[in-house]
C-alpha cells in the first residue's frame, strides 16, 4: 500500500486548524445575535455544512455524467465519495437546523420548503446507496449510480421550486427575500465568521473526499488480492 | 439489406404487444386495481374524517393511491420483460433503444390511465364527490405522464438489482415528489372550485417536469439497458 | 462471416476471455464446447451485441461491433436457453411482434413459413404460456430465424427440454443449418454436438484451445479430443 | 443416530441467522425505514391537515405506514430464502417445518419492531406529538404480531408465484384488515387520552386475532412450503 | 443404501419418471447421466425428500420416504447447482447455522474440519457473497457433509463454475467419496464423470436405461456407451 501523499497530510492538518478557527470565530469572536441570542451561533456551521452538502451533490451529478461519457471508473469513485461525504454534512445541517429551530420556531421541524427539500434530497441520496447495494457487477453499479445521481440532481431543485408554492417560515438571506420574512442583519464580525465557516467547511470537504477516493482505490486493490488468494 | 423499422413503428409494436398481452391475462391492471381499492379502503379506516375534511384531502388520497398502484404496475411490467429474457429479445432487434423506452413508457401510461379511469368513478361513488371535470382529468393525465416517464426508467434499473421487489418505490418516490406534489395541489385547487388561472403554477411545473424527465430518460435509457 | 481478434472480456476484476481469436467461414456449423464457466455464454452474448467487449475486434457479416450493432442485429439470430417469448401471447402474435421489430415485409407468409418449419402451425393460435418447454424452444428458434439471418447463435438450446423435444429440435437445427447459414452453438451434450456440427472449437481458459473439423478425427471420438484439448 | 434439534433450538437458529445477516447488510431494515419515511412524507403532502385534524389521524397514518413498510420487509425476507435456494436448505434440515415458520415470523416481527422503534420518535419530532405511552407501545406490539403472523405465511406463498413482486400486499391487506382496524382504533383512543377500559374491545380483537392466526399459520405452513 | 422401486413422478399430466428402479450399494459413486429433461433433477429431489413421489417406494439408509423423511434428512447431504448459502453471512456463520439446524455437537471442531477439507479455512471470516461461484460451491459441499451424512447427492455441481474452480471441486468430490460415503451425482460433463464415478447409470425416458461399472467398458469409452444406451 502506497503511503499517504504529503499533500494530503498537509491538507489534513490544515482542515483541522480551519475547523478550530471557524469554531472559535463562531462561538467566541462573533457577537451574540440580538433577536435569537446564542443559538444563532449554530448558524455558521448550519450554513457551512449545508453549502458543502449541496456542493457535493452537484459535483456528484457532474462526475456521474462524466462517467457515463468516459466509462472511466475513477469518476465513479469520485461520485461515490462526493455523495457519501455530502450525505453526512447534509445530515449535520438538518440536525443543527433542528437544534436551532427548537428555540427559533419552538418546534423541531416544520414542513417549510427548504426543510422539506432538505429531507427529500437526503432521501434521494440514501436511495442512491440502496440502489448500488443491490448490484454486484461494479460496472453496472457505476452506470446505474451515475444515472440516478443525474435524476436526483435535476429533481431536487424542482422539488424546492415546487414547495416554494407554500408559505415559508424559513428565512432567506440568499436569493429573493420575500417581504414577509424578517431578514437577519449580519454585522461585520458576523460576516467574517460566516465566510470563514464557508471556507473552512469547503477545505474539510475537499480533504474528506480525497480520503474517500483513496479508500475507494484501496478497496479495489484488496478485491484484486482476494481474487488472487481464492484462485 | 432490409431497412430497420422506424422509431415510431418499433414503439408502436411494443405498445401493441403489451396491450394485447395485458388484454389476455389482465394480470397487471387487475393487480393495480385491487391494490388501489385496498389503499382507498385502508385510508378510509385509517383516516376517519368528517365529510368536510375528507373533501379537502380527496386529491391527496387519490394521488397517493395512484402513486402506490403505479409502482406496482411499473415494476411488474418491467419484470415481465426481464423474467424470461424478453428484454434481450428487444435488445436484439435492430431498433433504437429509445423505442424500447417509449414503448414501455407508453404502455405503462395507458395501464395507469385505465386504472385511474376505473378508480375515479368508484371513488366518487364511495364518497359522492364529483371528480369528472375536464380540468381534473387534464391534471391527472399530466401527472401520470411525468410519473410513468421517470418510473419506467427507474423500473428498468430496479428489476436488474438483487432487491428488485422492494427497490422501485424507494427510488421513485423521492424523485417523483414534484409531480405528486403539484398534481395534488392542482387537483385540490380544482376540486375546491378554483379556476384554471389560479392553478397555473402547479400546471406549469407539471409540464416542465414532464418535458425535462422524458428528455433525460430518453438520453440515459441506453446506459440502463446495455451491458 | 465471423471474425474475432484478441477479444478480451472482463467482469469487474475477473477476466473471462483473454485475447480470444475466432473465425468462421460462411456455412460452417461450429460447436463451441468447453467446461462450465469457460465463458461460452459470455462469448456468444458479445457476438450477439448484448454485451460489450472490454477489448478486441469483433466483426460479423462485414460489420464491426459495437459501433455497427444495428446492422449486425439485422442479420443475426439468437437462441439462448431462455425462450425470449411472451407467455401471454399466442405463437403467432409473438412472431408478429418480432416481425414488426425487424421490419419484415409480407409478414403473414413469412410467419406461416416459419411456423411450418418448426412444426407449430397447428398450434399458432395457442398461448405460448401453455406450450411445453420443447415447443417453446422450437418457437424460439422460429423467432430467431424469422428475419432470415445469415448467422445464428445457439446457447445450449437443449437445456430444460425433455427428450423427445430434444430430438425434434435436432431436425429443426439441421434445417436451420441446411439453408447455408452460419451457425455457432454451445452445448454440453457431446453426443448431439458430434452429430450436428461440422467443426468443433474448444473454449478453455478464455481462448480457443483447439479447433478441429469433423473429418480430422478418424477412429478417436469427440470425447477423447475434448479431453486432450483440456489437458493440453 | 443423532437426535434432531428441538423445535425451539431450530427456531432460535433461524432467528439468529436472520438477525446477524441483517446486522451485516442492513438491507431490509433500511429499505423499510426509508420507505416509511417516504410514506410519511407523501402523506404530509397529500393530507395537508390543520394541526387539530392531523392529531386525530396520527394513529391512522402511523399504521398505514407500518402496513406498507411491513409488506416490503416480509416480501424481502422471504425472497432471500427463495432466491438462492436457501429455502431448500431449510427444508433439508431434519427439523419440523413449523420451526421455519416461527423462525421467519419472529425475525420479521423483530425487524418490524425495530423499524417502528425508529419511526415513532421521528414522527413525534416531525409533528411534535408525544407517542411514548406504555399503552400505545403495547398496542403496536400486538398489532405487529398479528400482522407478521399472517404476513409471513402469505409471503411464503407469494414468493413462489410468478407475480411475486406485486402479490403480497394484495393477499395480505384484506386478511389483515381486522388487525389494522383495531390497532388504529386502539392507538387512536389512547392518543386521544382514553383509558385502557375504553379501548378494551379493539384490544381483545387484537389478542384473539393474534392467537387464531398464529394457530392457523402453524397448521397450514407445511402445505405452503412442501412441493 | 438407496433402493428405489417402481418410482413414478408426474407433473400435472406430464409423466417424468415411469416406474424407475434404482439400487445403490454402500460406498458406490454413481454418475447419473442422461439428456436434458430426462428427469435427473426431479429424481434427485425425490431422493432428497424435497419432492414427493407420485407412486413407488423410496428407501434410503433403511428409512422409507416420505414418511420417515426426518430420519432420512439427518443422514443425507445434498448439493444442487444453487449454493443454498446466505450471502450476507460469513462462511463460518453459514456452517454454524446449518450445524445448529442439524443439532451437531462440538460444532467448532467440526466446522474447522469441514473448512479445512474444502480449503476455505483461510477465508472463514469473509462474507459468502464476496466468494466466487467456485468457492461458494465448495462451501456448499462443506455444508452438505457437515453432519457427516452416509449418502450425498450432487446435482450438476459444476454448473456455473469457472475452470480452476471445477478442478478444485474434483478433489473435494474425491475426498467426500473417499470417506466410504455413497454418492449419486448428475452431470453433463462426461469427461469429469468418467474420472470420478465407479458406476454409470443412464436415465432415459423415465427409467434407468442402462447401468455399467467402470471396469465393464474396456476399449470403448463413456461417450460410446452413453450413445448406445440412448439409441437402445
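First chain written, first letter: the chains are A, B, C, D and E, and each begins at residue 1.
Note that in this section a contact is a pair of C-beta atoms (placed from the backbone, for glycine too) under 8 Å apart; a residue touches a chain by one contact, two chains touch by 3 or more.
Keep in mind it's a predicted model, so treat the numbers as computed, not measured.
Trainee: Need the graph distance between chain B and chain E over the touch network, please.
Mentor: 2
Trainee: Select the chain at the greatest separation from chain C, using centres from the mean of Cα atoms.
Mentor: Measuring from the centre of chain C, the most distant chain centre belongs to A.
Trainee: Averaged over CA atoms, how far is the centre of chain A from the centre of chain B? Could you give it in whole Å?
Mentor: Those two chain centres are 32 Å apart.
Trainee: Between chain B and chain C, what is the gap in Å from one C-alpha centre to the other?
Mentor: Roughly 38 Å, centre to centre.
Trainee: Could you state the distance in Å from the CA-based centre of chain C to that of chain D?
Mentor: Comparing mean C-alpha positions, chain D is 48 Å from chain C.
Trainee: Please work out the Cα centroid separation of chain A and chain C, and write it as a whole number of Å.
Mentor: Each chain's C-alpha centroid was found; their separation is 51 Å.
Trainee: Could you list the positions in chain D whose residues touch two or more of the other chains?
Mentor: Touching at least two other chains: 25, 27, 31, 34, 38, 41.
Trainee: Multi-chain contacts in chain E: which residues touch at least two other chains?
Mentor: Chain E, residues with two or more chain partners: 132, 134.
Trainee: Find every residue in chain A that makes contact with two or more other chains and list them.
Mentor: 120, 123, 127, 130, 133, 136, 227, in rising order.
Trainee: In their complex, what parts of chain E are in touch with chain D?
Mentor: These residues of chain E touch chain D: 45, 48-52, 70-71, 73-76, 78, 80, 82-89, 93, 97-98, 100-104, 127, 143, 147.
Trainee: Which residues of chain E touch chain C in the complex?
Mentor: Listed in rising order, the residues are 14, 16, 35-38, 132-134, 158-163, 165-166, 188-191, 194, 204-205, 221-224, 226-227, 230.
Trainee: Would you pull the chain B residues touching chain A in the complex into a rising list?
Mentor: 150, 153-154, 157, 160-164, 167, 170-171, 173-178, 181-182, 185, 201-202, 205, 208-209, 212-213, 216, 220, 223-224, 227
Trainee: Using the touch rule from the top, collect the residues of chain C that touch chain A in their complex.
Mentor: 11-14
Trainee: Which residues of chain A touch chain B once you look at their complex with the stated criterion?
Mentor: 68, 120, 123-124, 127, 130-131, 133-136, 140, 143-144, 146-148, 150-152, 154-155, 158-159, 161-163, 165
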